[in-house]
Amino acid sequence: MSVVSLEAELEPGPVGRGLIWRRARRSRGLLAGCTIIGLIVLAALLAPVISPAPPNQQDLYHILAGFSAKHPLGTDELGRDVLSRLLYAARTDLRVGVLAILFPFCFGTLIGTLAGYYGRFVDTLAMRVVDVVIAFPFYVLVIGLVFVIGPGIRGIYIAFAVADWVVYARTVRATTLVVRESDYVAAARAAGIGDLRLLARHVLPNTIAQAIVYAMNDIVLVIVAVVTLGYLGLGVQPPTADWGSMIGEGQDFLTTNWTLATIPGLAVVVTGLGLSLIGDGLANVLRP
Amino acid sequence: MIARARRAQRLGSRAATGGGPALAVAGLSVSVLRSERRYVAVDEISFAVGAGSAFGLVGESGSGKSLTLRALISVLPPSARVESGEVLLHGRAVPHTGRAARRARRGEMAMIFQDSLSALDPVVSIGAQVAEAPRRLMRLSRRRAWDRALELLRLVGLPDPSSTAHAYPHQISGGMRQRIAIAIALSTEPSVLLCDEPTTALDVTVQAQILDLLDDLRRRLDLAIVFVSHDLAVIRQLCDQTAVMYAGRLVETGATTAALEQPLHPYTRGLLDAIVDLDDAVGAPAPIPGSLPDIERLPSGCTFHPRCFLATEECSTIVPELRAPTNLPETHRSACIHRDKMVRQ
Amino acid sequence: MSDADLVLNRQQLIRYGAAGAVAIAAGTLPGRSLAARPRMLAAAPKPGGTLRFARSIAPTTLDPANTIIAGDIYTLDKIFEPLFITSPAGKLTPWLATGYTVSKDKKTYTFHLRPGVKWSNGQPLTSADVVFSLDRSRKNPKGPLSFLDSAITSISSAGNSKVVVRLSAPWAPFISDISAFSNAIIPANYGGASETAFFKNPIGTGPFTVSGFTPDAPSLTLKKNPNYWQSGKPYLDAVTFTFVDDDNQRLLQLRGGQVDVIDLVPPSQVGALRSASNIHTLLSPSWQVDLLVLNEKDPHFADRNVRRAVMQAIDTKALAHAATFGTAKPGGSFFPPSLQYYSKSTKVLPHSLAAAKADLAKSKYPKGFATELLIDGGVQKWRTFAQIIQSQLKPLGINVKLRPLDHAAFESAFQKFDYKMFIDYAINDISDPDEMASFELDYKEGGSSSYWSSFNNPSVTKLVRQAQREFNPAKRAKLYAQIQDAVAQNAPFVPLDYPPYINAYSTKVNGFAVNPGGAYRLETVWLA
Amino acid sequence: MLRYAGRRLLSAAVVVLAVTVATFLILHVEPGDPARAVLGEHATAREVQTLRHEWGLDASLGSQFTRYLDDIARGNLGRSFLEQTSTTSLIRSRISVTAALVGMATLFSIVITVPLAALAAARKERLADHLVRGLSVTGLGLPAFWFGIVLIELFALHVRLFPVGGWGTSFWSHLEGLILPGLTASFAIAPILVRSLRVGMIEVLDADFVATLRAKGLGELRVLAHVARNAVLPALNLLGINIAFLIGSTVVIERVFALPGLGSLLLSSISERDFPVVQALTLVMAVAVVLINLLTDLLAARLDPRIRLG
């Protein structure tokens, strides 16, 4: 008869659906994260209403102006209103950020789980492919992509699809290796549960936590990566506003008008904060 | 024996700080946080254990006995908290939480757990884990701490200490792991050893060896042992004093022989009847009806009354006190208003 | 802006503190050049010391005849010297040659070598060295500027101190061509060493020497040439170049006192630098013009009216003010103002949206069209220019999509005419304007199909070739004025602005000046 | 252990070869002509063609690649188009800079990650946890050049503690010049490691042996040390991957601090299509990345005996 110690509120093994929902509602972190991201999405949707001026309207005789009533956050190097561009940029960045990591997240986690669970041949093959992708110089790949599919946002999705899944694969593989050894997976396998069901019901819920936490960071990495990719022709094309390019354009003025790069930077940080709260909240909820 | 000699020298220093039993618990209550609300899981527990003697704490799973032990050695999980009561070592009260609590218990109290695999650090060698306390807490040099560890491993009966010391927990058997857990506990030279069902996960033969080891250590090192279990046979073999716990409260306390031969509480009687008595071929085991109540919805009055064959009207209103039946010595008490009826049977 | 004001500034700085001075500086200083600013107290130069110079591009070779990269040119021109050089004011100045005589048919030149000039190893400079160097440069199949010497048929020495050069036909830009860095003089047969060994430890007539040159090294030290022909110079004992390609980092190293001089100061920092009391900012006019080139192979830009509409829609005054922070003059003629025969009265099409719409109405695309602007994505300045042009053409209904590419992909795109519009800069390497005129307008002979615009106007081409043979300065000026008018009216490309060279140096540096070609002679520099 | 390392080195060779082939193909397919880049705009088609022939670029792709392979076999990594020198000498002078930078960045990121992750895990959901989260997200959101310039302004200009930039000449000036760049680079990696180590440590904190440790009377720091060792596995993997990314992305750091490393050479040689240098650099970086991954796996097995080296 096993001693039911009071801390283990749950029976070991998979987490029931009802329980996830109850824990999700109670986790303060998750709630805070959702409110932050919710506010940002709201600001993005209301951009046309809130922003003082059209985001691309230039005023070449009032460039780099300080904070004022007309321009609450000042103007950039082309005299465009920084606040308006900040709000419109939220639309592009959240969309690009989330879409760019979807494929890497799913594909990487799948490969990582399979490699970690089945081991031997599958594992070696997968990990060597991962090594090739990691070792490949990202810039050469990006320039090649621009040539093949031309500039624009499509390039970002493909660049990240090709290069970013490796992180998920390696992280998930590491945790799968450990979970595979645990007692309840052995017990479930002994009870005759098929590999597929076992992977989905028992292995994945335990390994997904690390992947989710990384995914939330990854979205921020995508938004910031738009800067370097933009120089090489990939990603958001001017004049569309996006935080990454605003930070990049602000680089030259960091010592004179430091707010130009810092404000979009802080916008990325706040988004990152919201996402990381959600990431950790989800990880806690899903943990058995 | 090296251990005895050192103990004598240490004993001298402790004796000076005041007499009284090695471990005394007065009115200990512990609450647990469950979905934003607190429930009392351990309610006003009091008992004492003298040096060299073994005290049994018996009860079904979920009765709060394991939580009690964790409260005594202040390793409660974040969701649990000591509400009231005192823990005294040699008559001196020790704080419940924080750095002071740990310092006060160092060299006084140690604990071993049920699942020996998960109780040991999987990535550190056994020798290192045993030598850690002597090295870190008693400032012994690396060499002398390692020797102390080998000595302890020999003390707990390991055939080849030096090779075991270099192995890792997942590489050795359950029984051997439990001996190592005991060695680790002894490495802090405690005077009180708390055991949270250390033998339950072991098969019978190994179980007996561990119990003999504990009994031998108790006498040789003058240890006060608190042994938590749901297995009355183990308690009878090891402990001279016993307390029975039900839903967070002590329902019967006394000498083991008295409590287990002439139980003064219906719950203890029920526990005894539930055991398959090998030599009594005729009597079939009669399990206690119903199941342990959840601490969130405890019955009123005497919490055992819904399952009690002696239950009467008042049982659901009066909260029984833990005391001896009329004109009997207070050495054997029961928390049941019909305790006198139990005497007659 | 007289010098007195600058001194006043420093006193005001002390009295009002930095903030006060910035307000004053921003308000009073016009956006024009601070060049040629006479020092108030003309103290005597103090010899000695090492100049620490942070430059943006590292040298890859010191061979004058085999490079066109800025990092190489501005290093080797301290070691090797041509017969003539261009002074900071943009004038041709006799250097290793004291002068020349030319035959009546303008086809034979005799150069007189400066007496007493020695190589850094003490050997005397002879006519044989000059013959060897010029022949090596003009016959080099891979030489980026060997086309400048295409008019030369033969070079021979006449005694030790005279060199005779025969041309295939009269060639007005000849002396300017000779002053190009690619025609710098090196010892005959590399002074007996192998070519690679020579350029590792070069022997030159210049003010400095270098030993053990390794390409792409993080830093390079030039030592004083003891045998330099100008006695008493160079004042400096040595110059240490460090190569820092990040603009901010160069500036921070100057402000941190880690270096004395830096090049390529970003225009955005010029305003802030004015308030730094111990740093002086020098804007020097250059032979560079930034161009928006229109591809006449594209049906839209084959139409002259469309090109004129585009030229008039772009407000170069606003563009220069915003994108270069007022450091560059707005575009007008396709010749930069600092170039010889620049005509102030060029009939430039003034910026006017109405006139632009009128011309567009006369074109085949009155309602506008969609097009694409190719730029080198890695350069911040071009990204800003592109977005300004994009928004200034919108009112005409011309919707411009930007196509930024990395440097090499960008170059190969426009050189294959795979573009509709693209932005790049044109630069003259010598004082004579023929290089720019023929390269950008002579469709067949210029070598780049009129700077890849495919602009082919026979009358303009005739003018360009005529100017190459015209020796009378007044007549040559009139010819180039006509050429500039024709370009302004036909708008094969839109001159956007004329960016100056911007250097910054600590106030203890004196005698530092930059010629319109971007070269800075360091023998005149001394440390206070 | 040795047999496993041997087998991994063999598969590493395959990986490096695959990377070389991939880079070779993409480079030669991409637009941009190295001969034109060297000769400048005025060069005529004939001149460009003579140079391409001299570099062998006019041969078929297949023959170019076979020639390249046997060059590598003989240890000759080719000569740079742009600079009249061998690629090996270019790389040799710069590899120590990048290696030192990557080493310093890894050191800083570990020194920053472990205490912060431990603090966040021990004080789960309390103020310290959220502060650490805010700090690490700031590290992610703001780019390297932002931190670089702020650090320079603070520690090199106002307080002249470190040089503004540059690599310096003596060993000490190298070290001095690496502090700020190393710190800046670690701001990019540390946030990801902190998050992963924190989640790992929270899971381990629930394990029973933590109670044993506390019962032993060990201080909170010692307990967290044990917990960190158990939770380090996923974070170690991330560190392995991120060091690989760091090698590729030292470009920004080297640019901001004017360090003559491989990163800036890679970017300039790509933009000038200096094929031999790009290929040589890719080869060197691929070998480094594969070795680091092998090292991470061996370290993981060393740290966690339960992992059988498959």
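Quick notes on this structure:
By letter and in written order, the chains are A, B, C and D; residue numbering begins at 1 in each of them.
Simple rule for what comes next: a residue touches a chain if its C-beta (ideal position, glycine included) is under 8 Å from a C-beta of that chain, and two chains touch if they have at least 3 such contacts.
Note that this is a predicted model, so its numbers are computed, not measured.
Counting steps between touching chains, the shortest path from chain B to chain C takes 2.
Among the chains, the centre nearest to the mean of all shown protein C-alpha atoms is found for D. Comparing chain pairs A-D and A-C by the number of C-beta pairs in contact, the larger count belongs to A-D.
Spacing of chain A relative to chain D, judged by their CA centroids, is 21 angstrom.
Rounded to whole angstrom units, the spacing between the C-alpha centres of chain A and chain C is 46. The distance from the centre of chain B to the centre of chain D, each centre being the mean of the chain's C-alpha atoms, comes to 54 Å.
The residues of chain A that reach two or more other chains are 7, 143, 147, 251, 254-255, listed in rising order.
Annotation for chain B: no residues touch two or more other chains.
Among the residues of chain D, those in touch with two or more other chains are 30-31, 145, 149, 153, 270, 304, 306.
Only residues 30-34, 36-37, 39-44, 47, 50-51, 82-85, 89-90, 93, 145, 149, 152-153, 156-157, 160, 163-167, 255-258, 260, 264-265, 270-273 of chain D touch chain C when the two sit together in their complex. If you check the complex, the residues on chain A that touch chain D are 7, 28-29, 119-120, 123-124, 127-128, 131-132, 134-141, 143-144, 147, 166-167, 170-171, 173-175, 177-178, 181, 209-210, 213-214, 216-217, 220-221, 224, 227-228, 247-248, 251, 254-255, 261-262, 265-266, 268-273, 276-277, 279-280, 283-284, 287.
Of all residues in chain C, those touching chain D in their complex are 60-61, 68, 141-142, 144-145, 147, 196, 214-218, 242-246, 248-250, 252-253, 255-256, 258, 378, 405-409, 411-413, 415, 439, 447-448.
Interface residues of chain B facing chain D in the complex, by the touch rule stated above, are 70, 73-75, 99, 102-103, 105-107, 109-111, 113, 115, 118-124, 132-133, 136-137, 168, 170-171, 181, 184-185, 187-188, 194. Taken together, the chain D residues at the contact with chain B in this complex read 207-209, 211-220, 222, 226, 229-230, 303-306.
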